[in-house]
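These notes open a run of structures that come right after.
You will see two complexes here that share chain A, one where it goes with chain B and one where it goes with chain C.
Moving on to the complex of A and B:
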């Protein structure tokens, strides 16, 4: 607050920021919840539904999202082409194999408020299946959103020292 | 039917000990290392007992099972792979209770946690050995969460909160 000019402060308050979110081993619903907050602009104290204060969100590693339970086999995405006999139902697995960004895209789309601003907010969402991002987007990134789920460590991710330091609970 | 066969087995074991060199003591339980020594014509293959460094004393030595002895009764979860990996074989199956010394309820809880850890992919090197060069046909997808039926048997829920299951299942899905 101390040494900013009025113009600089105005610029910093109303500028559109770019956020990064890593979706590796995360549930897509939680990813969508975190992005929707940023896309709407609800994380800002100057939020108003009509003031178009949403930010950009770049989601990487959408190919490596993780559904809990049996949702890969049980969750069904339905659509209708509009033609008779055109009701299509696809499982989450099939949809993910066809398009690795589709699940996160649908999750975010369905979580946004159902108004005319939804389409503009979806244009500010950028999805990438791996962690390869175009250079111009990479230059814009400001901050990384923390991952919603704490990823547990696998057994091979522990160092041998940590494994040796853990006491043997029973002796053979 | 069980009683006569038990008696027969027990009696046979008693008599085998007597017929041998008197009362033979049961073999000591320890990890053994196979040592092969060749002296001239003779090759001796022996299982030498590995003398471990003295294990640290557990905080509660008067417990019946390892979990009680180390005061871990309601303290572990499927993510504590360092603990769970001590009770599994190299192909991912559980070790029998008579070997590990766990009490029945803890053995069941650990089994559930091990199953959850396998489904979450936290034990990648404890897979069952597949015959020949069998390649998995299904596409590999991350599924770290656990089915609700497993969560119902999970120790963190078993402890005292079965009555508030619905609300708390949501809480545990946030972990």
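Moving on to the complex of A and C:
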């Protein structure tokens, strides 16, 4: 049964949406996991691998991601230039200083399925090191994805009343 | 063709070769390269294609089930439930819809799917109360089993 509202509803179902994700104080692996679901289109009940139903994801504050443990010193990113003696290994800190978006970009690229659609999905990923987003992208944004990790507050961010109201577990 | 004598029969040659070749080539028309035109190459490709298609019928069932599960997971996450919780609580409430129907409902009947998700969520809460409570609360409504015998 044809109707104008049904056509509009179908267009809306298959439209490509733009999502925002704030990566401040978040582990890049969990950021990547959340974005890969949206890039593939697995958050939609109409998902199919061949139907190109992925959405755009804009990640901001990639400069302020937070690795857990000692990964800033211990995690190594390796690459080879193709020439002899061209094996390069850099720690996560060095890579982050050289390019603040590279860690998240590599995390997402390696989490995507290894098929021909991976490059198309990477083109739909937009990374920004700080809060600043170009206007045309900002106008497209639809919804914000909730942050995967609940950011804990520092001790100096608590008000004195809250500190006094916290129950005493032991007496020194 | 009616061949009325033995010499005529001995001198006859194959006359419907074209149609015998076409029977095979018609299945190869969408292939790439010379195997969509040349009979010798097409015969091998068509036979392999049929063998692959026969074996793939068993994989298709697995692939489709995985697709349904992905779709149901997406739809149930939209309603705040994870897939294992959704399916297990639906089964505990004696709603024995298979994954194919759940996926189709999720796409074409969103309100029905929302009510199923609410049912699963309610049954989940009743399960928690039954496990964690001391038995002083009344038994859950959706936890009651209906016996059909």
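In this text, the second predicted complex is superposed on the first by the 162 of 172 C-alpha atoms of A that agree within 3 Å, B and C clash if a C-alpha of one lies under 4 Å from a C-alpha of the other, contacts with A are read in each partner's own complex, and residues count from 1 in each chain.
Quick note on the criterion: a contact is a pair of C-beta atoms (placed from the backbone, for glycine too) under 8 Å apart; a residue touches a chain by one contact, two chains touch by 3 or more.
All of these numbers come straight from a predicted model, not from anything done at the bench.
Partners chain B and chain C fit side by side in the overlay (superposition on chain A). Legend: residue contacts after superposition of the two complexes on their common chain; A:45 is shown touching chain C, with no touch to chain B. Legend: residue contacts after superposition of the two complexes on their common chain; A:154 is shown touching chain B, with no touch to chain C. In the superposition on chain A, A:88 makes contact with neither chain B nor chain C.
In the superposition on chain A, no contact is made by A:80 with either chain B or chain C. Of note, the Cα-centre angle with chain A at its vertex and chain B and chain C at its ends comes out at 120 degrees, rounded to the nearest 10. Once the two complexes are laid over each other on the shared chain, residue contacts for A:97 go to chain B alone; chain C is not touched. In the overlay built on the shared chain, the residue A:16 is in contact with neither chain B nor chain C. Partner contacting the larger number of chain A residues, of chain B and chain C: B. In the superposition on chain A, no contact is made by A:119 with either chain B or chain C. Across the superposed structures, the minimum distance from chain B to chain C, using CA atoms, reads 16 Å.
Chain A makes touch with chain C in their complex at residues 42-48. Against chain A, in their complex, chain B makes its touches with residues 29-31, 52, 55-56, 58, 66-67, 69-70, 72, 78-79, 81-83, 85-86, 99-102, 120-126, 139, 141-148, 173, 175. Residues of chain A touching chain B in their complex: 25, 27, 64-70, 72, 93, 96-97, 149-156, 158, 162-163, 166-172.
Here chain C touches chain A in the complex through residues 67, 70-75, 77-78, 103, 106-107, going by the rule given at the top.
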